[in-house]
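What follows is subunit A paired twice: with subunit B in the first complex and subunit C in the second.
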Partner chain A sequence: MSEKASNRQSPQQQSPQQPHGQGQKQQQTKRQGQPQQPSRAPSNARVQMDLPHKRKQATKKQIVQLKVSTKEVALFSHLPQFEKPASVSLMAKSGESIHPAIVTVGLKYSERIITGSNARVMAMLDAFIAFIKDYKTPHSKVLALDLDNQLKPLIQFIEDCRPMSIGMRNAVKVVRGAIGRTTVMPEAEAKEHVLAVIDEYKKQKILDADKVICDKVIAEKIVNGDVILTYGSSYIVQRILTVAHEKGINFRVIIVDSNPKFEGRTLLERLNAAGIDCTYLLLTGLSYVVKDATKFLMGAHGLLSNGAVVSRAGSAVVAMMAHYNHIPVLVCCETHKFYERVQLDAICNNELEDAESLLRDGTSMAGWKENEKLRVLNLAYDLTPMEYVSAVVTEVGLVPTTSIPAILREDDFKKNLE
Partner chain B sequence: RVLHKMTHAVQHLETKVNEFITNLKRGTVCGSYGCAQETADICRLVVSVTRWTTLKMLISNVIEYGKRLQEAKSSEIVIGNVVKHILYIIREEYSTFKEEEQQKNSKQVVVPSLAKSRSINKLSQSGMIGWMDDDDYDGMQEEVHNNLKSIIIEGIDDWLSSIETLYLSVADEAIHHIHTNEVIMTVGKSRTVEYFLKKAASARKFQVFVSEAAPGYSGREMATSLSTGKDAVDTTLISDSAIFALMSRVNKVIIGTHAVMANGGLLAPAGTHLVAQAAKYHKVPVIVCCGLYKLCPVFPSNLDSLQELRSPTEVLKFEEVVGPMESVIVENPSWDYIPPDLVDLYITNTGGYNPTYLYRLLAELYHPKDRTVF
Partner chain C sequence: MAVVVALTELLRLSTASTLHGILDDIKFAVEDITRSHNSIEVKSTSELFTGFVTRKCNDLQLETEDFSIIKGQLAERGNQFATRINKSGKKIAQIAMSFIRDDMVVLTHGYSVLVNSILLAAVEQGRRFSVLVTESRPAFDVLKTAEELLSNDIPVTIIPDTSVAHIMSDVDLVLIGAVAVVENGGLLNSIGTYQISLIASALNTPVYCVAPSFKFTRLYPLSQKDIPEEKAERLVLADSWKQYGLLKEKYPELQVETSPLDYTPPNYLTLLFTDLGVLTPSAVSDELIKLYS
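Right after this comes the complex of A and B.
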């Protein structure tokens, strides 16, 4: 079913003027072999927080009333800059008919207990499964419409806890699409259908895809004597390296890390426990060791239609240094993280995190909050331009970054045939 | 009695030298500027206190003390620079002095009755003014010796006073380079850059992104001092990971450096290479503000000898490295080498230069014989 793709910042999904009956009609026409329209890219009208009416809209939608940050950085005035919500306020709001599974997962997102694009998607899907299992259609309501309406505040709650990742947005689209297709089914069958779609999505798009990518990289790209450079902590990179080590390939790893998250330390512990030779250093020391590396393996938060890679802040820096030292850069990313949006730099769209956490390590800056001329910026994501990436490893193969819109189109085409 | 005075003075020199060496080894001497001043003071003392009768002896004395100081901390290249520059000053003052003396004596030769064998020698040597005069008359007269000494010390004092106003001369250029509403990026802490930015801020409004430069986080100090006091600048502190992300909005990168190599490359605090490389991608000009005393006559042929690896505990604390983690290698380099093609402009106390021009400045700072003396 061709949906109007969701807005990134304010997840107001299908317009209410388009009831599901109409959608079904469109579906039928498609089945009759109509030429496929290219799916419309998501509208560029993302919530621009510096436009006053957009800001009002977004604030009204919020379930958890977030406090606007007192120290806004002007360069990012178009992005939401809120103070991190206290867990107490999140819990308080949960009284408003938010399913406990969703509350739990929202809290975990807010406190950064669950991090990493795959982990967040899986957790959200599991929470949706729990919600759907507990759902009962109220009297005189259609499941397809009502379940979707009940899902909207949950999605908004998750968005308030922490802005959703690219993988999460794609997953939400799939779930809502599945719900939309249950108009003619009785309740039990409908619920089964939706749960089956979610399960298949998890299995096919995430778990199996990871295995395929892992095997592909190990079989073709890691050889004896390799020195693998990696940044931060990516689940897929960790998996690739541990499995490659088990297979007996002789290599060593250089882990680059940075303030404030120090995610590289988690990767370091895990790789070290697996028995891999590791070197650990901070981003500032990169220029000293980069010449020794033979490959740079990175994970991604998402891949955009113009070939750019959205990943943890700092990965663009490492990719840049690797590129200038003629070291191939391999991005390992499942297709569910491909997003149909274009972005030229990391400022158009990003996630701003808590300024305090940046200052946690090392010397503190006393009195910075009172100083009007001093601000602290904590960016979560980074955009690696297309020219730095040698190849993207997906479950459909080793592709250049230019092929991403082609893969997106194929996916859409397949979806439209369903 | 004169002899007793001399040895006392030499003792004072030795104490000063040993104190400086200890401070260098302990790392309590902060920054190139402090090192440069200390080194110049010690060289001044060497000239005034040690025993020398020929230029050769003076030069070897200075080199001896210079070697001792440089060996205390080989990564503090400024020490070598200052000593070599002082040798240049000595040679220059000596040759000017000798020229004047010869001119004076040549007038005497015109009156034949007062001709001395020495003056004939000087006449024959009069053609050899310039750099070939290492050999000179054996044993200067005491008066000549004292004159020469005071001239040399004056030369060193002149140089010392010129570097005292170093920050102000560099900052004077600021108004020509920073304009309204520009976004400047810098890395870590540099006094020269701070003065530069504040001088520009007294006239124009702009903003600065300061990268914190882990693990020392010197950027935090820089951000605090830039945004406080008179002529405070709008500053935003960012993590090193956001360098590439924000570079698309930056108009200029202004950085300080630890030392400048003879080919125009930089030896700068770790993390600077990332900024310079990101600036190249985004076509952002990179400006380096530094005093000319940081220009080394050394070409960066062996970078490993210039690198200084600091304690790994700054990166990963000892307490966290337990059990299997003990086999992890942790690197904590202090310096980055930045090739000259990444730098667009050097602003020094004597003006602005392109990196390709710096080798010419070497001729005005160091004598070719002294360049590789240690």
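Right after this comes the complex of A and C.
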């Protein structure tokens, strides 16, 4: 089955190198006014690392030298498993010069200084803005093609530092689409157009969307006496709770947290500072408090076309428990994180985090790397099936999980790009 | 329906001179209506009316100086909306009656004009079936429903609400109307509908709901308690409940109450018969997204 999948998804390396001079002029006049199709992005989303030739292809494409993990888990051998790169080793291969803004943001991703789906997209877009501002079209090249070509190693670099999130992939598509539309514009205008599109995307799809979702949830779904269950730390959930508290709604929060990241502690700090009544516990104690909850508010890494929610590992368990106890599960997710793929489980597509962090505390596990019989698995995300989700709150309204393809179809932003 | 007629008249008689003025007029009118008769139906109809009438505003000749022409066009749109609603009843009856075949036993709850029209249309086609009607307490709508069906030679059996589970194995399909259809395809209807749908779903009996598209609302209840309160009192003392009046006098702390509506989640509904065709509950949200995008 993996053979079929890989045949369909083999990354295509064709980038139409325009011949200079005559041919180029012809191409330009032919393509007048028509947006150019960007060449295929490095589709690392589907790299089948357990196929040897695919693995070679992927390793050749890499910009950052990453050491392959020696302790691979067999079930996840199709996903890239690399040792965490030391900052010094983030030296690009010779010949590739990466813009400093991108290097900074890549480092921050790999060190997990920037985490959270919205934060990562914003940081990446800001880095792109810096890069595009500094960009100058070389002599006798077309901006639309050259900028796109120069962008590809940057995208690959970011992917090597840490696999891109769903929101980041969508944003990259939008940026490349915007670049493709600048074939007939002079340089200054082209740069302005691309920067304007990125600014509009940030404003409309992320900042304004967050505001709308926040207002909607608070106005309709949070009432006095609510006991709100949350998992980990999601920016949008944190914002909803703090604003609801400011509005004077009387509620309390149960924060569920888990090893190894303990992201719930960040949320706990912030909610405490805002003066909200909080209960903090680990995932293992969930069954004792879930009956007290009246709602489960969760953020999402991404939403897929079959209605499944990709979110921090552990959130599916909480959603399932909430559903079993007839507690409504509300997923707060902006439409820029909707993805056109379909996924049935959390195995075929996931991110493997640093295994070391799971065994950090135990001194008895000091020799775990040498132990042949021991493998450690640290998954980043899991999948909540659509039947556990009561409603998805987006900036276009409250929708059931069955309507995600309809929203993807009606996406105004993408329509304006076509 | 009356709401639509009233709003169309308003469009004709409005003295506003800008599009914004007209929208404001409509808003105030709706607020007036809802103050005296706060119902979900009124809200949903007026929202859809406003949307329909002002939707493709670029189609209107906004360049014309004479605003009365535009007003005329808007009023015309209002009339179109009203005709659509009128026709929707017949359309739905045509679509839905093929689901009722000879020798079927149909269960229905409460009083619904559209459900009755479907049953009558099926009888006119020459089908022979029988209908079980629940008492639908405390509203006690059964008398109206039974009368209409009996006068058209449909065999009717009245059953108490409590015996629905008992007879469900004999029922071939459940046909119910709707007060409103909510965003996830769920149903707001007179109290008792949720129970019937739960029982039908447990026994694998199809539940068909009849709802014209102007009943689609932008509500999204997460639980039974999430339904907006109707202005009608929570305490509904129909004739047969008056006996509790005496008990309440004797023991004032006694609570007797009900809600006029309940919420049926979409997974208990099989299909919806609408003027847009036969839809699954998940298609309702798609339609709403299209309407409001």
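By definition in this document, the second predicted complex is superposed on the first by the 357 of 418 C-alpha atoms of A that agree within 3 Å, B and C clash if a C-alpha of one lies under 4 Å from a C-alpha of the other, contacts with A are read in each partner's own complex, and residues count from 1 in each chain.
Methods note: contacts are C-beta pairs under 8 Å (C-beta built on N, C-alpha and C of every residue); 3 or more make two chains touch, one makes a residue touch a chain.
Not measured: the values here are computed from a predicted model.
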Superposition on subunit A - do subunit B and subunit C clash or fit: fit
Touching partner for A:113 - first (subunit B), second (subunit C), both, neither: neither
Touching partner for A:402 - first (subunit B), second (subunit C), both, neither: second
First (subunit B), second (subunit C), both or neither touched by A:390: second
Which superposed partner A:285 touches (first subunit B, second subunit C, both, neither): first
Which superposed partner A:328 touches (first subunit B, second subunit C, both, neither): second
Subunit B versus subunit C, judged by how many residues of subunit A each one touches: B
Subunit B versus subunit C as contact partner of A:207, first or second or both or neither: neither
Partner chain(s) touched by A:375 [first = subunit B, second = subunit C, both, neither]: first
Closest approach of subunit C to subunit B (Cα atoms, Å): 18
Overlap of subunit C and subunit B interfaces on subunit A (superposed complexes): none
Residues of subunit A touching subunit B in the complex: 73, 75, 258-260, 265, 268-269, 272-273, 277-289, 312-314, 316-317, 320-321, 324, 344-347, 350, 358-359, 361-363, 365, 368, 371, 373-379, 381-383, 385
Subunit A contact footprint on subunit C (complex, rising order): 183-185, 218, 220, 222-223, 266, 282, 285-286, 289-290, 292-293
Subunit B residues within the subunit A interface of the complex: 209, 212-217, 220-221, 223-224, 227-228, 232-246, 248-249, 270-271, 273-274, 277-278, 281, 307, 315-316, 320, 324-325, 327-333, 336-337
Subunit C contact footprint on subunit A (complex, rising order): 220-221, 295, 326, 328, 330, 390-391, 396-400, 402-403, 406-407, 410, 412
